[in-house]
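Starting off with a structure, shown below.
Read from first to last, the chains carry the letters A, B, C and D; within each, the first residue is number 1.
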């Protein structure tokens, strides 16, 4: 049976330290940090750490900023040793010299942050600290050293070997489920009824957890078990549609993936997360044939508007030029500029092939080895998925229209191809895609491109 | 409900990789490590990691050594960036330049080790790797860079904030209790009956665990709840003595503390461990007044023999010189040189005051700010304990006689003094001790020393 | 680790049995019951039991009724043995003869019900069966033998020694919390926000569970931790009032107690439940001084209307007669007959003393040793509580007005008096009450009564 | 989270009751029982129950016997009601009259026992009480009413629907595993090493538990996973033989089944237990083809000695008569009478066919519909197993030789035949057996028997 981490250390604090805790400003935090760093005894350090984190919790943004600046500018590596190590390395850059330089350059700040992490609940606060730093960095570059150390430590602490995949369902604690409602970033949940539908017997939800944050999901995915690849989001979300029989499903549709901790940005566990979830689903439902997403295309509209504005005539087929008259692109741009284009001329039937083609083009661009610009596409392609299909009228919510004219994409996770796709995307920015996506993207483009696209799909 | 970490990735490995795994030598491990490091896809990396750790598990010591050497000499930081950062820092050593140098000098090896840690069970193997490195370092300094990186990562992973204190008792899993028998380093357990006595209702046992090693204690302590400070070990271990009533105990005697993972040497959690155990005991038994150890003095005999050989006449009182005749010290040394001195002339009654005094002297030496040489004493003094009493005939087992002529020490953990003791010991090597220890240590020594010793005890 | 109870027995069933299961009518159930009873092999019996309970689950009320009638009229005790035992007992009624008669009269039906209970989930269905029987009994006395056997078996199975008290809070599974919303019988919850308020840090909720129904609360209580005895319900339910500090509370107010399983009616665990909850609260909050309910008085209005109609002039004081003129009672009855009496003449200030007095009279009636008629009062008095106070305008919801003109009562659980109160109520119907209740009830009544009432309060 | 059952009721007990508890004799227990029965308040009853069970725990056998006698002779059903019900039933024995008679004859004692069961730990004591009663009954028939009530209640409480099958392994709590060592009734374990071998990866152990006795196994089975039906016990028990690979096993050998609670005798869960264990094994190891026991034949030697003494010449073949000379049987008996017959004349080769045949005869006797006399055989046959094989030199331990000349039997659990075997055995005492057993048993017997035996095996 586990026992709680820290006892009541309050009584071991001096009167002065207690006063600092009660005065929630940066100066107090700085003094506590200095004192924490100077402690030789570990239990004294534990008490200081607890006090500092309690204080940090109640500090306002301004006080925190001051504290961050102090941390970033102090607790440096020992200068003599570092200078000597740098000189030695420059003289003769051997593995040993590099190692000594690496050791000598670790700032005292890292030790301080590790000591801060002793306090109960500290890990969550350090994640919040990094979130604030990431926001502030563009305007305060001098915070970089602190952000960098946090990045380094969080990267070690949140090593994928320590993460635990858990299934969440209607038997999970209410306090935890409540967080799903709050963190859902893709398709908003309006309350417990929405949530309940998403945890029905034909659904699954998995999340990654870290032992130091047992009640905080790091990333979670919502999955629908159904027949065939879903081509629209609203039937998946509608509470009115009765749950199907999960044991007759042949397809698992990953329709929402949310990162919960902005302070862990850049500490990737996406691919492994999806791979493990696929393993879990396969173990429970051996009959599943297809693991596919139903994903937004958040950058499409912005990209298309830029292209239309810059007059990229390659996007249009001859016939379309005729429909719109010259200047065709400009007319297209006009037609699409309002959100009620679906009810106006030219009718959607004319726009549909154009938008599907443009979207295929958008999502398959290699951009000189960088891959497409779309953040969701990049996430799945980096993980080894294949762009399988683009769906018309798939998300007709205001946000869906505003982002991508209602289009959504299916990315397919085919375990036999994941590693190869991954590798090609990482090295060349090559977008794995289905044959039909290849055909779609090459329509109207030059013949050579067309052949290339089709080849990539084979 | 947690689900298992990694699925079966075997099928995602190439035939070649599988052959390497089956051929347990360093070359195979090196190729897997290079391949693991080069992977872009995380699930491919997870598969490589799993394969590498499985291979490592079956490699013999020689093959492992070759592999370690390779790791230590390769996976260096990027040379251009590091050179530039070193030069920039030497030019102008600002916090930003130091941070860049720190970032630039992190070797690729750390990333590789983090990737190795993805595999299930990898953390335990990396600890074993460091254990082997610590043994090999005296003869193979070129392993230092690898050991240093492991030390850095293990230090982050085993941050005290992630450790969990658990009570172990007769209801704990047999597979776990079995490890206590194996790891007990102070007073050997000869089987389940011995163990059972140590988990009886008047005993307590606590251990630290890490979430990545849920079945492996990191450090554990055995405690007897009794009346008054125990002055000998055998009554505590004898299975024949019926358990007392823990609720009538006024003293908790910590009679055995064992570190279980040599590969975590230098990653300290001793003090915090004892502090937390004291908190737990206090919560369960509010009537406890005294928290004290009954500890071996493993270096005493070796130290005394050296002193006797070098003729440190300060150790003897006038009266003792008379008993032994000249050269008194030499005669003393002769008397103590065999293990049956207790049954010979001069009789123990004569030796007792001499040995107690010498031991007090041994344990209170400041050694120019370094504190006494004894490893157990250093552990408790560093944690803030006070040397309270030295006990005659406290451990008459062969090992007890061989190490310390059967003497044992009580170190007292007095929560009101821990921080101060800690600080003084860390800064000046000052040994906190009771008044009677002060008197004992000063007997026969010069007056000035005597006063100093007594003062320190006040 | 527990493993699931029953494997897949479907394959061990004959084709005929499977057909019966698919045809949800009483005839099928009867055949299965006969077959279940006749089985010699226990695993065959387990399969039949599973089949029967699956069938029962989908039978409609009519089919169930037919099945119940069959069970009640068959599966009798063995006639020869019973006849012989009855005659032997009548001849010579010794303990041995009584024991044989008891054994001989146990109907085969009990064995059948025990066999039915082997199936997973059967216990819940047998509780539902008793619920249906209790409803049907007034019109179908021939069901009595079946109801009696269920009562006997459920009484044994739900022995208080097997019940487990669990604390429910916001970390409990959502699927369980959802049931609190459904089962709340006293003050309706309109959804998750209401529920959340009732599980806030200044609230507690406890329930009894049985191991065979781990997800089904049997009875639960909602408690507010506050300062002083609460005198109205709406401040306790309002989501808008911020939670107080439970550690500063001196009073625990039990404001809602709901029985969840009508099929367990008469199988009492009320008193023990409240006693254990008091123990739990006291362990967590040693500073609590007072454990009191805030309870409805559901039968008061109906009782008062009857008294007013029958002209019980004892209820009025002289002064009140003057206010209302003759016939005073009739005028009173008129005044109270509509639900908007609070805004009409005679003004509430006149009605208040009258209603409080009448209510005190209602709740303290001994009724020839039976105690007051009010079901809630009977529950608490039987459990040893004391009627402490009657509160004006305490529940002004339509239901509160309709049942008791908005009055609510506080019953006090004073552990030093519980046993004595219990005993007196059980034997004489004596209602333990506070001094002020005694004064209130005796106003206007004959002097002798008055003295008696005051005496009982001492 | 479950919370402990009973609070501290000691303080609610009168001084007199506390004295009774401290004086551990039957008179005190009787007074407490009377007081417990008379309580109206449930929390008062809980306190009395606790006190009574604490007292019972420390009473010696004599005091307990007196207490049992009192309980058996008192707490009778209400005489008037019972007399009326008996007369009514004899007049007109309807279902309703039988039900009333059943209700009227339930002794107050059952209510008392249910109240006793409220105390924590009481269920275990009531089981112990029944164990004592079962031992005492042959000499004290007047205890029957009490034993009968306990049987009735325990039968309800230990309804198979409430039992939980748990897998026990080396990760189970030591305190639980220790009980396996103590309870093992078939092949003694000499300590933790023996136990560990029986929990190795190629072994399984399952037990039934009841929620009220979470730390007490009711029955447990030890299973070896191996290739082919085991024909001797010692290779299964030898700690020196390395564990095999469970995933390559085709046979599960149930080599030890122990009932742990003599006080639950006659409350059968054997068959269901084995059926569920088979289900569990099949789920974990789908490749298992055969589920078979390796069982002792505890009654064989006693049976054979009787037969030999009575001169049952049917057991010998013509050839055997010649070997031994006349009187052949008597010579046989002489040869087998010492325990070193294996090393003497006539040599074992001559005795082997005789003993195997006699054992087959012993185990296939129908005994006028009662089945064979052997308790182990009866257990497995009643459960639906088939006698598959008799093994020579299968258990050469002193006990094995003493009971059955070292013979052991394999009983086969073939799920397709269990129900039919069960039924035939229950109704006709027919022993299901393999063809070869049929041949063996019919050797030397009359032709008609031979044919019958072979037919039964088909």
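The definition used in the following text is that a residue touches a chain if its C-beta (ideal position, glycine included) is under 8 Å from a C-beta of that chain, and two chains touch if they have at least 3 such contacts.
It should be emphasised that the depicted structure is a prediction, and the values quoted were computed from it without experimental measurement.
In summary, no chain was found to touch both subunit C and subunit D. Distance between Cα centroids is largest for the pairing of subunit A with D.
Centroid to centroid, with C-alpha atoms defining each point, subunit B and subunit C lie 60 Å apart. For the pair subunit B and subunit D, the distance between mean C-alpha positions equals 52 Å. Once the centre of each chain is set as its mean CA position, subunit A and subunit B turn out to be 41 Å apart.
Of all residues in subunit A, none touches two or more other chains. Inter-chain contacts, as defined above, occur between A-B, A-C, B-D, C-D. Residues of subunit B touching subunit A in their complex: 1-3, 5-8, 12, 39-44, 46, 72-74, 76-77, 79, 82-83, 86-87, 89-90, 93, 95-96, 98-99, 101-103, 105-107, 114, 117-120, 122-123, 141-142, 144-145, 148-149, 152-153, 155-157, 159-162, 164-167, 211-212, 268-272, 275-276, 279-280, 283, 382-384, 415, 418-419, 422-423, 425-427. Against subunit D, the residues of subunit B that register as touching in their complex are 170-177, 191-192, 196.
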